[in-house]
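Structure first, then comments.
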Amino acid sequence: MSLFPSKSRLAHIVFEHDDEASKNFDLIILVMIMASLVVVILDSEPSLYAKYHNEFLILEWILTGLFTVEYIGRIWLSKKKLGYIFSFYGIVDLLAIIPSYLSLFLVGTQFFVVIRALRFLRVVRILKLGRYMKEAEVLKTALKSSRPKIQLFLGTVLTIVLITGTLMFIVEGPENGFTSIAMSMYWAIVTLTTVGFGDITPITPLGKLLASVIMLLGYAIIAVPTGIVTSELTMASSQALKKERKTCRVCKTANQDIDSIFCKSCGERF
Amino acid sequence: MSLFPSKSRLAHIVFEHDDEASKNFDLIILVMIMASLVVVILDSEPSLYAKYHNEFLILEWILTGLFTVEYIGRIWLSKKKLGYIFSFYGIVDLLAIIPSYLSLFLVGTQFFVVIRALRFLRVVRILKLGRYMKEAEVLKTALKSSRPKIQLFLGTVLTIVLITGTLMFIVEGPENGFTSIAMSMYWAIVTLTTVGFGDITPITPLGKLLASVIMLLGYAIIAVPTGIVTSELTMASSQALKKERKTCRVCKTANQDIDSIFCKSCGERF
Amino acid sequence: MSLFPSKSRLAHIVFEHDDEASKNFDLIILVMIMASLVVVILDSEPSLYAKYHNEFLILEWILTGLFTVEYIGRIWLSKKKLGYIFSFYGIVDLLAIIPSYLSLFLVGTQFFVVIRALRFLRVVRILKLGRYMKEAEVLKTALKSSRPKIQLFLGTVLTIVLITGTLMFIVEGPENGFTSIAMSMYWAIVTLTTVGFGDITPITPLGKLLASVIMLLGYAIIAVPTGIVTSELTMASSQALKKERKTCRVCKTANQDIDSIFCKSCGERF
Amino acid sequence: MSLFPSKSRLAHIVFEHDDEASKNFDLIILVMIMASLVVVILDSEPSLYAKYHNEFLILEWILTGLFTVEYIGRIWLSKKKLGYIFSFYGIVDLLAIIPSYLSLFLVGTQFFVVIRALRFLRVVRILKLGRYMKEAEVLKTALKSSRPKIQLFLGTVLTIVLITGTLMFIVEGPENGFTSIAMSMYWAIVTLTTVGFGDITPITPLGKLLASVIMLLGYAIIAVPTGIVTSELTMASSQALKKERKTCRVCKTANQDIDSIFCKSCGERF
């Protein structure tokens, strides 16, 4: 890397991910994002806040400064500046620096903590272009084709939650912690998903019987989304394997079996 | 949509789901069902009940009126009126309006809340005819052919629950919360399904050992229903794919692409 | 059914399951077993014990009497009497009646409750010969071939439990409920299997971090037994489908593809 | 086995696992490891420590002595002594004896308990060469090829944990137990993995709503790692099966049984 790289070289380093310099740049940004997240997490710890809040504030401002420089640099290096600014990642990059500046003018900036946590989304961009590309593609295909089945499944789950929630509200009642249908539905979700916090539990025998049915149901129907995703994933993977197909050089018919001897369209010998 | 649609046009709008007018009608009913469910849920919340019970009551009566109009309309528009009234959805539609009217004459109408929750079933009718049809079909096929295996699985689970429930009742005893075999069986279900409320937990070393075995068992046998459903789903999907293959009548090579014009083995024209 | 069926006819009714009379006999035994289990379960309920213990005792003795008659009848009807008595089901049948008689002579018969619960095993015999036979066979095959993989998996799980249990004992210590390595291992099982009773929970930050790792691990590795069983089930099912194979009428070579035109051993045209 | 086996015979017994003598040696070591682990576990139990600590100490020293003899023997019998000493298992063998000797000089040896638990790793060596070899191989292949997908999945899970953890910290706040972002993230992991200890639970309606979403998410996305592993396992198994098929050199029909003598399509002798 020369001392003063050209603008096009800089753009390559910032936007591409294929040589050492650009990979190092990605790594630096990755470390900065992680550091800023760690600062946010540690600063929320009361004992650490009491002791080190000022140090965390300084670190936060240093990182915000660096992110600002990076953001301005990205705009400067972009060919289509507005395109970058209003792109998804452009907005994420902006959201990563805005909370710090706004907190200078506004009090009660607790809400900005969440926005800062969104910086994590920037990690996605970096990883996106790494070695996980192919896997992400297969997963995405499988999940996309499972979506209607999963929606159907979630609909069924919500119906069960609504009906059992209402039943438990009547069976157990407010005196046993099931203070409203909404509360009962919350309990039904906690139970059906096998989380089982135990903050509300059935007390009456009938409630326990009903709870047992819901638990067994939840235990059994977990099989359905798993089956859906697995089935789609197996399809997606085996289709990816099948992709190694032949194309006829005479009639250009593609997607022929790799073990074909004659073209299935024009009969040409391969 | 003309101002006064004909009766047959109205019947189309109400019973079919294939043009804009009928889809809008479905959407209105959907919103009304959702609104009535939200009213029931919010009205059960003590704090909201205290403040807004009258408002909820008015809303409930407006919606009941609309559902009544819809129900009478459906009867009027049906060709086979009795057929609709005694059909599954006809009864669900009636159940959606009856509780409100009954509550005028009967006190302690808490039980009607559940019946009102059944309105949710009306959503199923609307969705049933949407884009989820094909997915529902595949899921139904897979679940139907898994049914005997799942029943067998549930039988095994209940046997384990009965035996471990009895064992835990003897090992832990009433002094540790396992007050009866039924209670122990409830605990066994809570544990085996990995829900784990924590309202009853083993105290003695032997009870903890037994609990550990049940937990590991529950953790391992969850694999069985999942395996069953997945296996059936994969079969159902791949059978749907396999349905369309050709066989050469000369060389008898089977399993050729349905769009082939020449046999891939001997070059014979199909 | 004649009024006085012959002995061979009675033996058929008792031991076979293929006509109406024998199916009715099975059903009666099934109802009796279920009734006796319900009596045992209800009698263990303190409130019901106080009120109805005598009634339960009478019912128990009536059922024991009927089971005794059935047991003696089975011996009388067996061709190989000793063979039946010492067979698995013969012993189960005996265990179903012995506790009641022993309780006449022995005090503190709480342990007999478990033995009575074993009556449930008799249900297995009845169901075994019903319509679940084929499914049970496929499940058994799949589980048998998954066994070494599952054992390996359980070994890995126990290693994780031992190591994390020891680590948590040192990190959290007796003051936070992790009173011994055995207790920590119990906690590790509760956590890894995602049961999560909440009777013991990590208090220190390091303990919570370690617990997070174990939870994510448990969440991820549940995939392994599921994958194993599913994979084996898919194999077992597809192998069952493949069974429809041809046998050559000349050389008798079996297990040939159903689409073969020539025998793969002797070249005979099918 | 002669009274004084030769050195090469001893080396065979110690390092190989293929005849009776070497299998017995493995078994003895296995029992010794298990015994030493049981001693460590029981000694950590306060009530047993009070009564039997001296007995446990004596047992521990006897076992340490035997392990020491075994370790020295292994060095003596190795052809490449340094190779063994610095191999993975050589270090594990050394770690199995060192804590006991160090505890003579150092006080506060609680940390050595973990190192002693590492003795369990020695079991792996013994089992490794048993009948689980093939299964472990298939599992390893499947897990290796699932690794990038699983890493991607864990990354997604951690993103969800970070974002929901931050949201819950703001929604519920320190007064409801969500004392910091780190604590909230711990809670998010407990919830997403469906463990559900119940030591921290949402109190506010908004928190409960958010928790419900996370629980349903956790319940649904467990399907993804399961799908990944299952898909890979099925591939690995079916690829192992497919490896052995023939193709006819005349009619080019592929995928014929490996034991065929004549082509199943054209009758050509292979």
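List of remarks:
Order of writing sets the chain letters: A, B, C and D. Residues in each chain are counted from 1.
The criterion applied here is as follows: contacts are C-beta pairs under 8 Å (C-beta built on N, C-alpha and C of every residue); 3 or more make two chains touch, one makes a residue touch a chain.
Values in this document were obtained by computation on a predicted structure and should not be read as measured data.
At the interface between chain A and chain D, two copies of one sequence, fewer than half of the residue numbers in use are shared by both copies.
Counting C-beta pairs in contact across B-D and across A-C shows that the higher total falls to B-D. Averaging C-alpha coordinates per chain places the centre of chain A 29 Å away from that of chain D. Chain A and chain C have Cα centroids lying 41 Å from one another. Shared interface positions of chain B, defined as residues touching 2 or more other chains, are 153, 182, 185, 194-198, 222, 226, 228, 230, 234, 252, 265-266. By the touch criterion given at the top, residues 148-149, 151-153, 155, 159, 162-163, 166-167, 169-170, 174, 179-182, 185, 191, 194-198, 201, 205, 208-209, 211-212, 215-216, 218-220, 222-224, 226-228, 230-231, 234-235, 247, 252, 254 of chain B touch chain C in their complex. Against chain D, in their complex, chain B makes its touches with residues 194-198, 226, 230, 251-253, 265-266.
Those residues of chain D that touch chain C in the complex are listed here as 37, 40-42, 44-46, 110-111, 113-114, 117-118, 120-121, 123-124, 127, 131-132, 135-136, 138-139, 142-143, 150, 153-154, 157, 182-183, 185-186, 189-190, 192-199, 222, 225-226, 228-230, 232-234, 237-238, 256-257, 259-267, 269.
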